[in-house]
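See structure below.
Each chain carries a letter (A, B, C and D) given by its place in the written order, and its residues are counted from 1.
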Amino acid sequence: MMLVLLITVLMAGAVVAVLAGEWNRNFPRWIALVACVIGLLLVITLWAGTGHSVADSQWLMDYRKEWIPSFGITFHLAVDGLSLLLLALTFFLGVLAVLCSWDEIRERTGFYYFNLLWILAGVAGVFMAMDLFLFYFFWEVMLIPMYFLIGIWGSENRVYAAYKFFIFTQASGLLMFLAILGLYFIHGRDTGTYTFGYFELVNTVIPFKTAFWLMSGFMIAFAVKLPVFPFHTWLPDAHGEAPTAGSLILAGLLLKTGAYGMLRFVVPLFPEAVKEMAVPAMVLGVVGVIYGAVMAYSQTDLKRLVAFTSVSHMGFVITGIFALNELALQGVVMQLVTHALSTGALFLMAGMIKERLHTRDIEQMGGLWSPMPRMGSVGLVFAMASLGLPGLGNFVAEFLILLGVFQAQAWITVAAASGLIFSAVYSLRIVGKIFLGPRKTMETVPDFSPREMLIMAALTVSVVWLGLFPQPVIDTAKPAITELVRFMDVQNTASHDQSYVK
Amino acid sequence: MKTSVSAEVVVLLAGLLFALGIVGVIIRKNIVFMLLSVEIMLNASGLAFVAAGSRWGQPDGQVMFVFILAMAAAEVSIGLALILQIYHQHKSLDIDNLKEMNG
Amino acid sequence: MLMDKYLWLIPALPLGGFFILALIGKNMSRTWVATVGAGSICLSALVTFVVGGAFLSGMPENTVYTQTLWTWFEVGEFSAKITLSLDVLSLVFVFVITFIGALIHIYSTAFMEADRDYARFFASMNLFVFSMLVLVLADNLLLMYLGWEGVGLCSYLLIGFWYEQPTNGNAARKAFTVTRIGDAAMAIGLFMVFQQAGTLVVSDIGANASVIWQPNSATVTITALLLLAGGLGKSAQLPLQTWLPDAMAGPSPVSALIHAATMVTAGVYLVARMHTIFALSETARLVVAIIGAATLLLAGLTALTQYDIKRVLAYSTISQIGYMFLALGVGAWTAAVFHFMIHAFFKALLFLAAGAIIESLHHEHNMFKMGGLKDKMPVVFWTFLAGAISLAAVPLISAGFYSKDQILWYSWSADGGSPVLWAVALAGALITATYTTRMMILTFWGESHTHIGHLPGKRMTVPLVVLAVFSVFAGFIELPHNFGHFTLFSDFLHPVLPETAMQENIPSEWLFQLLAALATLGGIFLGYYYYYQQPARIASLRQNGLLVRLYRFWFSGWAFDALYDRMLVRPFVFIARINKSDITDKLYTGISGMTGEMYKLLSRTQSGSLRWYIMGLVVGAILILGIQIML
Amino acid sequence: MSNNDFNSLMPLMVLAGASVLVMLLIVARLSHRIIQLASLLLFVIAFASLLNIREMLPYQVGSLFMVDSFGAFMIGLIIFSGLVVNVFSYIYFQEKEEGPREYYVLLFLCTLGACVLAVSNHFVSAFLGLEILTVGLYALIAYLRKRNHSIEAGIKYLVLAAFSSAFLLFGMALVYLQTGTMSFAGMAHVVATANVQPFLLIGLGFMLVGLGFKLAVVPFHMWTADVYQGAPVPVTAFIATASKGGVVAALLRFFVAIDGFRSEQLQMVMIAIAIASMIVGNLLALRQKNIKRLLAYSSIAHLGYLLVAFIPGSAVVPQAVSFYLLTYFTTTFAAFGVITILSRAESDAEELEHYKALFWKHPALAGILSVAMFSLAGIPLTAGFTGKFYVLTTGIGQGFWLLAVVLVLSSVVGLYYYLRVITTMFAGTRDLLPEPPARYPVFLGISMVVLSVLTFALIWLGIYPDAVIGVVQGLQLK
């Protein structure tokens, strides 16, 4: 029931917000904030409730209700450690997103916060859905409001970006939907029960060739979302044009849904095909790591630059996923969380700078340390995070990923490790261009306001905390990950009667 | 005492008429003549019905033919009304002048 | 009594200092900033003495103080703990770091007095000391890597401390990026170590190294070389040495602490730490030795040509670290560490003194514009001289002599050694003496060119004097075998570092010492002859085109910068620039463009002409009938 | 004619009677308002009359009609469309110079024709229904004769429709010649027994031409845009829905009867038509600036989608088809409703330009239109998605992967122009449309109510379609 509450609180908040918006411009943001905080508290209680006694079963909570029985579609939500982490992330970033839009958004606040909350609801749903139809449903629910968010509140080139984002994701999503239907019918034919239920479908036995095609259906959707080279080109535009909160949520959450989908669906549903495709996928990942980094170096638009760094970081994620061992997968989970924080922070900073200098062009910046030492030091922290400095969360993530990948494919690691160098190159370029060097503009720019300080402090503390005490996160994800690894090993012994989830 | 003309032959004739009608519709630019050609096609199919009916010795063919005639009449009447309007507005009956909507 | 529960204080104090200064430093008075900044290090030094003293006094063989603070992270069979461990090797480093660090901090309180970002400076310095301490105290490679990257960050921050100057920023970026290359390789090295040893805990690796790896097997060699690569980056050895000279853009105390005494020797520490792995691979050791030798020669020759006093010192640092690597390469572990310590004293001293000079000459770096300071700045002169003789390794009376002579001797006689290495080292000694003399003469003798501002105060001179004393007398704790054979230092290290294996039937040690001494004196004479007695000769040499070209070549640091610029930087930037608007995007724009074209094409069919539509109908009918009759 | 026959055909009777009644009302010189309300009432009655035939299904009337649950459902759908069109008509026609009254007579007749098609079980009835529908439409399309566009549209439609009817008739004749019967049942028997005969195939081909024209599938689609644009908006809505619905029903009934799915020739033709329609339709709409034409092209694509559900010929086909029609009708009406309300005496609101900033001026209307667009694009939360889902399951269930993939890819293209409409609505800050008329608050109110009901239905079908799916799955056709 609580899981449903998580979604409903957001959706209800959205409706209330849009109604209140008619009345007064300032109500919606308060309502949105309250909704997100409530959600966050709920998740925390859920987490605290389960604590680390997660170990016995992978699943912590489960809610199932008939939805469209005539097609075997159920409204089935369930949460395990992985989902829990990502849910916590969702609401945490949700709060920050509301806070950072606090003054930025002045027009049509009602509709704005409606979309914001609606996106969060969709994301939360994606992280919980245990019915493939429902999953696709939420998958799409995220898109429309994000489309509005970019298309209405974005900057100059917003309409193009909105189209690009929507069509990319929708097209790939539809292909995934075809794959889902294919799976649905195969399972139906074999067992006679036609259902979209995850726990039933996950044990479907699929002839390899079919499995390959169906997997590609899923993969393309997730690869576009993640994004994996060469499906990444929507990302810079979307990030670049979206309002700050939009970029934050895109980078922090929507990208993660892609990785989550791979972990939750692709790997368990098509083990053989995944093993077959592991090396090519990892190579794509590495290409993404390097390509993204090089692109990031060449950009002059700060938000585009950060967007390409995401491409690079997400390259690590897919590489890690297909390494298919516990180390790498734990690293991936870690990466999902930390990347959300670090990149999110960089986007927030870009937004704050834009509010002050009215530009995203880093050539126009420079020497901003002296007027804004606080922002400077925070910016430095997150630049260091994105280049994977030990002591910050991202290092743990990337180290684990590379360590795991090394067990699987040493040479891939060697190639990926070059990402460490490139990341240093672009991260230092960010710091150098923005904060160091002589002042370009002489107008006075104020340092962080208390609200901004609060946001950034929250992010900084969490990224440092994750860098020094990542164990809670790892323990929370552990059952899900170990279960997954165990399942893959079982598949190695090529006996299909093994079931993935109890 | 009936002369035995096989239905196939008659249908063939009908087919020829039908083709004739099509050609007419395509090559004529004057709306009135186009309507006329359409009428020819309709009557061709009517003829085909009659032939078919006679083949099976059923009245249905003729019945259909009557319906077709009625429908053709209705069509023509509306058609002429429209044609009047067109002439009223365009001062010509050349169908190629009616291309205001396209793309 | 066991003091190991206080171990954490040593790094914690600087860290605390960093936090205080970083968070509220802006609102603190300079005195307070100075107190916190320098005080934290002094305290940490104090704790080091206490703990170290306890450690030594209560020391049976191979005791190690370890203190586990918490488990960093633990996944599957991998586990990394935050554990500090103090053994004799790390004790030497901790001592150097905290002691010299404290002196340099005290010096800085005066040196940076005028600077706007007083607090930021000390915050970064404290953070550096913390990271460096973590580096040397870490009991596992991952924690060491944390410190390793941490010092890199601080070096970046401090090189670029005066960030308004674009050149400083670039120097900082260069330093970080170049070392990062080494670090990436080192990371891969860690992965290999873990894959083969199943742990990253140094002591475990050391204990089982011979079990895990076949001696001289490919894997152990690769592992060793990957780790070495990290060391080369940090210690500015070939081929990653190019960043250190530019790093002189930072304030002089920074150069003294980071780029002379401590951080740049991290590579030496790493190799010494992992000597068990290197011991297993002839090839790796040979590579270390060769790199060391090549570096010391190359950097020495470059130092001969520089006119910026700090750049001279920078290149001499590279060259001296080259000696240490040479020692490590030939298996003279203790000698390397010994030279590290001595070098830390005199090189820190030289940098601080140079800083004092530059300060009072209104930020004049050019030695040719100095001169005649002998009488004007006596304290600085005498201390600088002490450092210089140690650097030049003047026989018997300088600490440098004892440490370097040991290396020269081992570079032939140790089982890894060879006449060639020794010859190179010897040449290096000559060159060192030469450029040191040149530096002395240009700076202190002759007539002065620049008016002198205020002289350094107590807070600056006291550290100089202390360091001067050390760099003269510290050598006596380790005397050669043939006279005195007083081996306190190496004995002290033997719990961790093994005896140096020697070759049989080698010529007597006296001979080597004689040659070494001669080389030094010869070098001094050369410098004296060309720069003091016959400066005209220099001018005549300038006429020789070949020499000039050679001079230019050396001056540019053997054109490494230009080479890397052409080979790596420019191609990278070029590729990045041309592909700024993502080529892959063309694919999708192409698709959308294609559909657009198809739209145009099709919308032409909607001509609005009735007869055209009828044609369409008819064609459709024909198609349908066609399909039906075909099938 | 037995009592049951009478009952079973009650809806048709009511419609026929209604047309006569309205004529009388016109003779009695009653006001537009009265007539509008009266016809509204009559539609409701006709709809209600469906209820009392529920328990007697399926019921055969002579050899001409077969009133089964599927037919009844289609009739309901068609009458419903007539009703909605009727509601929208008042505001639209009241301002026009022409007397709007006769319009309702024709509306009833067309509805009647469509209904007859839906239950016809015999060539004669099918032909009659079709012609009642078509001839009525000639007049309706050209109703606003002062506008030359509507005249042009009228004449184009007339000539082409007659032309295609000729094909249909000739095809029928050939089939009749081959089989010797005109009732579907008889034909089914013949086809089942005898082996494949040339005339039959060719005849079916000709018939496909005729029906394809009415359905506006490629390559018989070219008239669509012009007619949609030229006709009065409510009439366009009617063409888009009721007329196509009737034809689809008849086609499906005929195919099921003669089991046309089994002939791979026909299947090949259908597949070709479906693919062509999906691709061409979506491409034609890509950059269309006139929203009526845009909807016309999108309707071509949607008929293509419908064929994807049609071709497999499995048992679920009637369900899928009827459900898809339901969703499609609802969506189309929502869209055209908005256009109707925004239209003015002088011109229809057909230029996409005029929809700029609608979001900020008339949030309700804009919202409804966007929901409709999302539904047409098949985005979840809307009926369109459920419909598409049903279609895809039907197609994939029989392994028609090619069709499914084409559907998906082409609908991606479709996405672009649906989004364009929405984007236009929130782009810019000032709108070019005058305020909606405050003059007919009652009818404006009614229309808005209907629109909101439709929108609600769209979302309801998108979120919780199970009830309706249950109903649809109950349908079968004899």
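We take it that a residue touches a chain if its C-beta (ideal position, glycine included) is under 8 Å from a C-beta of that chain, and two chains touch if they have at least 3 such contacts.
Please read all numbers here as calculations on a predicted model, not as lab measurements.
*Asks:* Determine the chain that sits nearest the middle of the structure, using the mean of its CA atoms as its centre.
*Replies:* Of all chains shown, the one whose C-alpha centre lies nearest the global C-alpha mean is A.
*Asks:* Count the C-beta contact pairs for A-D and for B-D, then tell me which is higher.
*Replies:* Result of the comparison of A-D and B-D: B-D.
*Asks:* Averaging over Cα atoms per chain, report the distance between subunit A and subunit D in Å.
*Replies:* 43
*Asks:* Please work out the Cα centroid separation of subunit B and subunit D, and write it as a whole number of Å.
*Replies:* 26
*Asks:* Find the geometric centre of each of subunit B and subunit C from their Cα atoms only, then give the gap between the two centres in Å, rounded to an integer.
*Replies:* Roughly 97 Å separates the two chain centres.
*Asks:* Can you check how far apart subunit A and subunit B are, centre to centre, with Cα atoms defining each centre and the answer in Å?
*Replies:* Distance between chain centres: 66 Å.
*Asks:* Touching two or more other chains, which residues of subunit B qualify?
*Replies:* Touching at least two other chains: 25, 34, 95, 98, 100-103.
*Asks:* Which residue numbers or ranges of subunit D touch two or more of the other chains?
*Replies:* Residues 155-156, 159, 163, 225-226, 288 of subunit D each touch two or more of the other chains.
*Asks:* Indicate the residues of subunit A shared as contacts by at least two other chains.
*Replies:* Residues of subunit A touching two or more partner chains: there are none.
*Asks:* Pairs of chains that touch, anyone?
*Replies:* Contact pairs between chains: A-C, A-D, B-C, B-D, C-D.
*Asks:* Report the residues of subunit D in contact with subunit A in the complex, numbered from low to high.
*Replies:* The contact residues of subunit D facing subunit A are 360, 374, 379-381, 385, 392-393, 396-397, 404-405, 408-409, 411-412, 415-416, 419, 423, 426-427, 464-466, 469-470, 473.
*Asks:* Quick check on the complex: what are the subunit C residues that touch subunit B?
*Replies:* Within the complex, subunit C touches subunit B at residues 603, 606-611, 614-615, 618.
*Asks:* Taking the touch rule as given, give the residues of subunit B at its contact with subunit D in the complex, in rising order.
*Replies:* Its residues touching subunit D are 7, 11, 14-15, 18, 21, 25, 31, 34-35, 38, 41-42, 44-46, 48-49, 51-53, 55-56, 58, 60-61, 63-64, 67-68, 71-72, 74-75, 78-79, 82-83, 85-86, 89-90, 95, 98, 100-103.
*Asks:* If you look only at subunit A, which of its residues touch subunit C in the complex?
*Replies:* Listed in rising order, the residues of subunit A that touch subunit C are 164, 168, 229-230, 232-233, 236, 294-295, 297-300, 325-327, 330-331, 367, 369-370, 373, 377, 380, 384, 389-391, 395-396, 399-400, 402-403, 406-407, 410, 413-414, 417-418, 420-421, 424-425, 428-429, 432, 435-439, 468-471, 474.
*Asks:* Touching residues of subunit C toward subunit A in the complex: what are they?
*Replies:* Within the complex, subunit C touches subunit A at residues 22, 26, 70-76, 78, 82, 120, 142, 145-146, 148-150, 153, 156-157, 160, 163-164, 166, 169-170, 172-173, 176-177, 180-181, 183-185, 187-188, 191-192, 194-195, 572-573, 575-577, 579-580, 582, 584-585, 587-588.
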